[in-house]
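I'd like to ask some things about the structure below.
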Amino acid sequence: MLTVTDLVVKRGARATLDGISLSVPAAGTLAVVGESGAGKSTLIAAILGLLKPATGVITWNGAPVRAARPALVMQEPRAAFNPALSLRRSVMEPIAAQGITLAEGRLERLCAGLELPLDLLDRRPAQVSIGQAQRAGILRALIAAPPLVLFDEPLSALDAVTQKHTARLIAEVQAEEGFAALIVTHDLGYAVAHGDRIMVLKDGQVEETADAQTFALSPRSPYCRALRDAAISLGALGAAA
Amino acid sequence: MRSVALVVTGLVALAVLGPLLAPYDPTAIDIPNRLSGPTQTFPLGTDALGRDILSRLLYGARWSLGLAFLISVLSLIIGTSVGLIAALGGRIADWSLMRATDTFLAFPELVAAVVIAGLMGAGTWSLIFALSVTGWMRYARVARGIGLSVQSRGYVVQARLAGMPGWSIARWHYLPSLIPSLTVVWTGMFARAILGISALGFLGFGVQPPNPEWGAMLLDARVHMRSTPLQMIWPGLAVVSCVLAINLAGDALRDALAKDGQPG
Amino acid sequence: MITAIGGVLLRAVVVLSGTAILTFALLWHAPGDPAQAIAMARFDALLSDDVIDQVRQEVGLNTGFWQAFWAWLGPLLRLDFGYSAVTGRPVWPDLWAAMTYTFPLALAGLAIGLALSLPLAILATKRPGGLLDRAAVAIASLGAAIPAYWLGLLLILLFAVQLGLLPAMGARTPAHAILPAVTLGLGVAASLTRIIRSGILEARGQPFLPALRRRGVAGQAVARDHVAPHAAIPVVTLFGLELAFLLEGAVLVEVIFGRPGLGTFLVTAITARDFPHVQAVVVLTALVFVLVNLATDIFYRVIDPRIGAEDA
Amino acid sequence: MTLSVTGLSEIRAGRTILHPTSLEIEPRGRIGLVGSSGSGKSTLGHALIDDLRAQGCSVAHVPQSPDEALDPLRSMAFHWREAEVALGLVPGSADQAGLFRALRIEGGDLRKRPWGWSRGMQQRFVIAMALIGSPDLIVLDEPTSALDPIVAAATMDLLSGFPDGKDTAMILITHDLGLAARRVARLLVMQAGRVVEEGRTADILDRPQTSAARALSAHRNWIALPC
């Protein structure tokens, strides 16, 4: 269980995150939705320990979150890989760094689950499609079997069809691996379709938290209603038949 | 990268083998044959003291190229470490080191070199110190630029999250993008070092006689410009050909890098 | 905007004081006994120790490092460059006289450099990679490879010695300035061509340019209103650095052509260990460097106010 | 008048990235050019613009993001005046107030530079600029991809309700069938540089024939709301 209590992050005098509290149960999925500048990426950076919050406690099962070695799937698929190295070398970095011995057939099973041909791993990032690069990024995040995986706008660089396809693969491999997922996205459709619960961020504060279905049907605050209606208008959420 | 390696090995070979190929002893004075134009025995003629110019040029290669190689590598090491510490050491280190770099940059390289060489007394060591102390700043800026840009790259964040130790992140992620760009700067600085050594030689603060050095040879040749103009051409040509070879190799590498998006 | 300018001024002060300390430390720790060198330069003969000590005491070399430094820096802040350790005359008039030779020469060199490099770079970038472009790059590389002092000697050989058209040495008549200015100008032209060319090519890569053409904006207007300003930013930065090298080139050219100016002023001052003179030249060059940097920074803030946060 | 192009194709580095394609666009027509990335839809769009312009029609183009349309060193007023001059109009003659009101950016300070405006307002400024002198056709390339949802939805609503009274036709290039479905009358589905299916929007959504159309239609939105 990931718990974040009263997280405040300051950039100079401005609070980019002002008192955020949330929790993600083991194998659960929380979708954090917000517009650009709402503080979504700051939240991820704070949880990963990439920046020091002013106040607030972030724990995994009570212990500091760093101990759980959370993994990250990034927005720009190719940026997560060193252009000069083969995908395999980068995917194996967590294994080498943490001195883990890979279980028999784990790599093959994960590659199958993510529809990644094994020989693809021997190519460079520039020699694979953006969709394949993102799936390799997911493989890298899962290889060391972390209990918590963070997704920062994982689909926004992909086109519509590949987005839905990749989202389905993430859900399937999560069911198998059982990690907790915190997905940050501006696409409310994706959040409602794949998140158990939804948290809407606005200007560094929590606007509303609800489980996915009730949020889609009856968002409480006017801002959340506007978000939901925009998603319908843009075709992300199918209007009532 | 291959073209740079080719040119550099060529020049280093010239510096090492040069003296062995020299037909005569570069310091052998032969007054009767002084200031002779190109002849059978002296293909490039002789200088005011009758010393064979070809031999002096070949011996001079050791001083001009060898020293330039040493100086440019020394300033590479100083500059890169300053640049990387500034990039990775946090804001205060960054600000103070960059102001130190600016302070050194405020000394125009040659003026500073002349001051240092002059005050420390002309000689090889003061030359090396003068040109390295005034040559490292460009490396520092390039190394800092690359350090900052690589630090924010996705794959470096991923490596840190994976728990990779600092040295292996440096080895696998910082070095590969540092080496090509620093090589481009290095070719420029190697060329500037050659020019610097010969310029100081020309001003009389560089390598001291009787050691042959291209700049100093030009200084001697200047006096006899009217009688034996050719004597002035050879050292200049030697400097130009070496520097041009390095510059062209550096440009080729920079264009190759620009194509695949490395910071130039 | 104010804090940005403040930041730039702070940087200038720090750099200037750094240079002053560095120069003084350099002179102070230089091997050999400065007092003896000054005494020899002053009386032009080998001297007994007591005369040297008397000179040492007079020039203030016997006090501690920091006292001597403040003794020098204090008046300097009031633009009083003090007195020459050798001739005893105030430093400033001689320095000013030297500057009246060097700066016009440097500016003439700059003018020639710009006059050659600007058109060459613009022509070269008409068709990137074309014949003219490769030729321009080759000329620039060649120009950068030719040492200024050798170029000077060749010009003297050709125009003064062989053709006898132009005077070579000294600075009696304006005609004397032609060859040195051309020598300096060709060197500057070589590096400026490379800088302006890369600036233009970089500006041509801006993402919004295709949309402008598709909107029907005339090619000429695109070049003038959009490519030029974007090209100016990298060019001005490197131009600032080039100005520092320009001064260095001028010093060298003065020595070749035997012209009075900062070059000879500095070289003689060094050999004579004339502390105040050497420091005056170095602080002057540092001031020029800092002022040039200040100008380029302000130019940035005017042309693109977004810049400011990133640069350290 | 009806705009028509015939046999548009493009070959790059030896590969045909756009097979010969012809197209009819009626006045006030609304067409969606839909396909996954790499299907050649942008190539067709750009070829279309250049070809129609060669025929003398006035065609406006709205790039994907404001960064590909506005020069950060020039003020918004400068861009507007420049667009007017480019269309041969006298500066100040375009109905700026009307266009700004219609696209809800009348509050924008024209003296500022692009980065002084929000991305949403910048994109709508680019659209307004494209609508100067009511062109025969306006081509929008993924207009919502650089915008936040609420601003994107508002922008698209403004566009579909616009330009009343003028016969400007609109082409919407996008990889998201869900976005196009509600705003265009006809759809062209592209795959591997070829138009593989064409027809009225409702027909393609309900009875897609080709695999590309089926995939686009099946994945057009994340989830259908039950109510």
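Labels for the chains are A, B, C and D, by order of writing; each one numbers its residues from 1.
What we mean here is this: a contact is a pair of C-beta atoms (placed from the backbone, for glycine too) under 8 Å apart; a residue touches a chain by one contact, two chains touch by 3 or more.
Not measured: the values here are computed from a predicted model.
> Going by the stated contact rule, which chains contact chain B and chain D alike?
Of all the chains present, those in contact with both chain B and chain D are A, C.
> Which other chains touch chain A while also touching chain D?
Output, common partners of chain A and chain D: nil, no chain qualifies.
> What is the chain whose Cα centroid lies farthest from the Cα centroid of chain B?
D
> Looking at contacts between chains, which pair has the highest count of C-beta pairs?
By number of C-beta pairs in contact, the leading chain pair is B-C.
> Nearest whole angstrom, what separates the Cα centre of chain C from the Cα centre of chain D?
Distance between chain centres, rounded to whole Å: 53 Å.
> In whole angstrom, what separates the CA-based centres of chain B and chain C?
20
> Please compute the C-alpha centroid of chain A, do the same for chain C, then give the distance between them in whole Å.
Each chain's C-alpha centroid was found; their separation is 54 Å.
> Is the way these chains touch best called a line, a ring, a star, complete, or other?
Its topology is that of a ring.
> Going by the touch rule stated at the top, which chains touch which?
The set of touching chain pairs is A-B, A-D, B-C, C-D.
> Can you list the chain C residues touching chain D in their complex?
206-208, 210-212, 214-218, 221, 225-226, 229-230, 303-306
> Under the touch definition given earlier, write down the residues of chain B that touch chain C in their complex.
So the residues of chain B in touch with chain C come to 86, 94-95, 98-100, 102-112, 114-116, 118-121, 191, 195, 198-199, 202-203, 215, 218, 222, 225-226, 229, 232, 235-236, 239-240, 243-244, 247-248, 251.
> Please give the residue numbers of chain D that touch chain A in the complex, ascending.
36-37, 119, 144, 148-150, 152-154, 156-157, 175-182, 215-216, 219-227
> Could you list, by residue number, the parts of chain A that touch chain B in their complex?
Of all residues in chain A, those touching chain B are 48, 50, 69-72, 74, 76, 79-85, 90, 93-94, 96-98, 140, 144.
> Which residues of chain C touch chain B once you look at their complex with the stated criterion?
These residues of chain C touch chain B: 11, 14-16, 18-19, 22-23, 26-27, 30-32, 137, 141-142, 144-150, 153-154, 156-157, 161, 241, 244-245, 247-248, 251-252, 255-256, 266-267, 270-271, 273, 278, 281-282, 285-286, 289-290, 293, 312.
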